[in-house]
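Next come two complexes built around chain A: one with chain B, the other with chain C.
The block that comes next holds the complex of A and B.
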């Protein structure tokens, strides 16, 4: 089986869907001639032509809005945001136009809006954000963030085939750092299903994106101390897999909620509420959140390192919680 | 991208035939009567709740433009283009029932006013943060261009909306990609309380067309024959593969912004002078002078329209209101659409039944 990086897996997934379905096309800034700022769409212009790989002006609203219009006409557009930070410029089209359209008057709206997010590459406040919660708070959207190359391919294929607007968060830190065997040819990873990345019994860590790898690193260290962590990768943030979250909480009875996005109004708060409502009597310790700070993502390396969760922070919290 | 072929006639249908002129009068009058019923009767009776926005005085723009469309074209009307919905085939009863929030309607009570769409009829509704339909029109036009069957997208917006950034993005994209889309601005003098001189520093918005690489034209928006001709030319231009156009239709808002707005900020002399340019009176005068219709014929038309509106209101009022819990249906398209609805619905029911809260969701009662 070929070994692919995370970015190659996304490219292969989109490529296969474009070969499979002529209604799939790409639009975005620099996606054609350049092949995208991170080369996700590299080679696609040559393969599929300028009608299906469209370089647009710098106009996020027009990119998303044109995707909406094309989807209403029966196409399956995949729109790239050069950085997910810039998705704010297309916000109205996403939350007011796309998200509510099926509910208001019934059409299918098969759109994927994808792009790089996340910190750890010294990108500063406008090339590092994890702003997925803007969209998790918007009914009608689906929000995805893969952590592995296998999932990246399988989830982008599911996202393209879905009849709803899907916001597909790629983590730029993982693009070329993650490599694994990825099957050639067709397979999908279903939306709305979490994955248990590591089985454990003492503390459950519910996380997603690049933080899955941080959790696994911490789990490896803690195993030496006899503390067993279970690592759950949400993969889909909206609609998220409630049963997977509750299942691991009921099994371990202690839970850490871990993500890179900022704390207040973050995914951890939503999960904490779910657990408190539906698994309160299964808990043997406080619900613990480890998240990015409630600040913009700072640039200078010591500041960024302080901002981000890391394995050391997870290990300290898990030790404390295990003793509780 | 391929340039559009002219599979259909690209010759502008300039001078309307007598039958078209009669259709124009029918739709002008039907629109005015239907909106009057909404604004001055049903709203005051409390049968329509929420915001009420009508296009009294500017009906010629929707009528003159929609009558130029053919099968396969797509229109994205503004909230003051009631006639576009009628001409594209929405039933009057469906429209009234939607205003009344009834269950069996195009939005099943989820959205109000003219926020109704139907892709089979080629009609995409606005969202209330205005300007958003302009980029959507570009996406529609991209696909129409690929299909190369000479179809066009026609998007309506107000002069106030031209200040929104998305309109710039859309006009620029349409110009760059030479898309078959026509931007039709109804410049009706006021955006809520804001007059044009506080909205933009130029006299004619039509000057903006050339700045985006497309023709721009300012026309009398209260003369339905002028609108028909100008839109026909713009559509022919687009069908030939020449790209987008920008049309500024000068008109006036003869109402408040909405039914709850007395519009005291509008000088009376403006309303008086524009009342003399009423599009219905002007077309009637033309039809009488050219002996296309008689006074008796017009009076008969008025009676038929009264009956048509009466029947549609009765049909709409007979429809039931939606059940509250149907609010949870159809957030998502396809098999997932019951996702969140399910557990929330069971919570509501178990609270109603006084059930003890449980740690597991009980979906079995659905």
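The block that comes next holds the complex of A and C.
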């Protein structure tokens, strides 16, 4: 089975969907001639033609607006945000148009808005954000963040086939750093389902995106001390897999919530409330959050490192929680 | 928390006693089992030890007064924990040096002072507010009726952790009788009474008494120590009998439809699903549906409250080599036939290969057992605490029965329900079994 990097897996997934369904098309800044700033759409202009791989002006509002319009006319657009940080320029089109159309007057709105997010590459404040919570907080959308190459392909396919507007967060740190065997041909990974990346019994750690790898690294170290971590990869943030979260909490009775996004208003807060509401009597220790700090992402490398969660921070927190 | 001190019964026919001397004054501290007062009865004079530690806050019967047995003669304001208890490592907010003004007020739960995280737990035993634990530990304490002040905490700051309470529950049966495991009022004076009386029957006030030791056996014998599982089974069974008002009802069910369905579908079922179709899922499904109609079957009793549980977690008793275990199908009410069948198969196999987790055997709300699997016509099982009913399924056998005034041969089974008459009356139990019978005799859910 071929071994693909995370970015190659996404490319393959989009490619196969483009072949499978002629109504799928791409639009975004530099997706055509350049093949995408991160080469996600490399080769697609040559293969599928300029009517299906469209280079747009630098206007996220126009990109999303056009995608919404195309979807209403029966197409299935996949719109790229060159960096997910710039999604803010298309915010109104997403939350007021795309997210509410089906609710308001019934049409399907099968758009995918995809792009690279996340820190760890010295990108600075405007090229490193994890702003998924803006959209997790907006009913009518789906929000996805794959952590593995296999999932990236399977999830982009599911996202393209979904009739709802899907915000698809790719993690730029993972693009070329992870690879694995990815089956050729068609397969999907369902939206809305988490995956247990590592089974454990002492402390559950619920996370997503690049942090899944941080958690796994910590788990490997903690195993040597006799602390068994269960690592749950949410994969979908909206709607998230409540049963998977609660199941792991009920099994381990102690939980760490880990994400790169900033602390206040982050996914960990949402999960902590769910756990306290539904699994209060399964808790044998306080709920712990490990998150990015409440600041813009620093450009300076040592500050960026200070800002981000890492395996050492997870190990320390897990040790403390295990001892509680 | 205050404790009433009562006039004990010093002999079976003794109806009253006279306080001859108080050994402490009001406001003085007293330790548990320390002599508190002296009495005189027509059989014997005795020194009576204190049932609790704390401050003697009220003396209600003066010296030389005679009162009936069980009369409250004094009140002790204490905070539960025995000062003399060995290895007092629970971080209880207790045993503070007693000061009179403090003690005169009604005791406030330590939780309020110390900024403990949780407020009054609704149905938690009052003792649990004074020791550090966690919501999970308190739930386990409730389910196993554990007094948390008796549990040693090894978590941070002396907190009682999940491991601590589970260890405690497992070891409880081997604890000395003076360390009561259940959340009960402080036990009656132990056998530390000093006076000469040879064999005093245990005073009656405490609701639960350790059974008097049977006369020693003197013939040749082999002594085998009980395994932890056996000890736990023994304690649980006896405890259950002491707790619930067991009543039994037996129904006879015609199993033709179920037998026919199974015969017809078993090969296809096995082909599709990779495991055999047994009768168990039929009974589980029928029970779950009947519980929907009669939810009290899925409840628990907590002092004066009936706790109706939302999830239906069905325990299936599995016989093991030297004992039994009851793994639980969680939320069985949300599974269809195949889901139940799969869950049964998975749990039974993991039970036999010793791969069940703690979570697999906790949280049950109703139990099904199968005396029929070893040939029994029907059984009268013991309720699995803290549940209130248990269903026993007898052997499915062909029997002659009367149908339309003629003899027919049908596959029949006896179903017996042991139920707790504290909360389930006969009519309700009959209704429940009747519904199960109706479902089984008219089986309609597809099994594939």
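Just so we're on the same page, the second predicted complex is superposed on the first by the 324 of 324 C-alpha atoms of A that agree within 3 Å, B and C clash if a C-alpha of one lies under 4 Å from a C-alpha of the other, contacts with A are read in each partner's own complex, and residues count from 1 in each chain.
In this section, a contact is a pair of C-beta atoms (placed from the backbone, for glycine too) under 8 Å apart; a residue touches a chain by one contact, two chains touch by 3 or more.
These numbers come from a predicted model, not from an experiment.
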item	value
Overlay on chain A: chain C relative to chain B, clash or fit	fit
Partner chain(s) touched by A:211 [first = chain B, second = chain C, both, neither]	neither
Which of chain B and chain C A:93 touches, first, second, both or neither	first
Which superposed partner A:167 touches (first chain B, second chain C, both, neither)	neither
Chain B versus chain C as contact partner of A:281, first or second or both or neither	both
Apex chain A: angle to the C-alpha centres of chain B and chain C, given in degrees as a multiple of 10	110
Touched partner set for A:323, first chain B, second chain C, both or neither	second
First (chain B), second (chain C), both or neither touched by A:140	first
Residue contacts with chain A in the superposition, chain B compared against chain C	B
Shortest span in Å between Cα atoms of chain B and of chain C, once chain A is used as the common reference	7
Shared chain A contacts, counted only where both chain B and chain C touch the same residue	280-282
Of chain B, residues touching chain A in the complex	1-2, 74, 106-107, 110-111, 115-119, 124-125, 127-129, 132, 134-144, 146, 153, 165-166, 169-170, 172-173, 176, 330-334, 336, 339-340, 343, 357, 359-361
Interfacial residue positions of chain A with respect to chain C in the complex	201, 250-251, 253, 280-285, 323-324
Of all residues in chain C, those that touch chain A in their complex	134-139, 155-156, 159, 161-162, 357, 359
Residues of chain A that touch chain B when the two form their complex	50-51, 54, 56-57, 59, 61-75, 77, 92-93, 96-97, 100, 102-109, 139-140, 142, 162-164, 191-192, 239, 242, 277-282
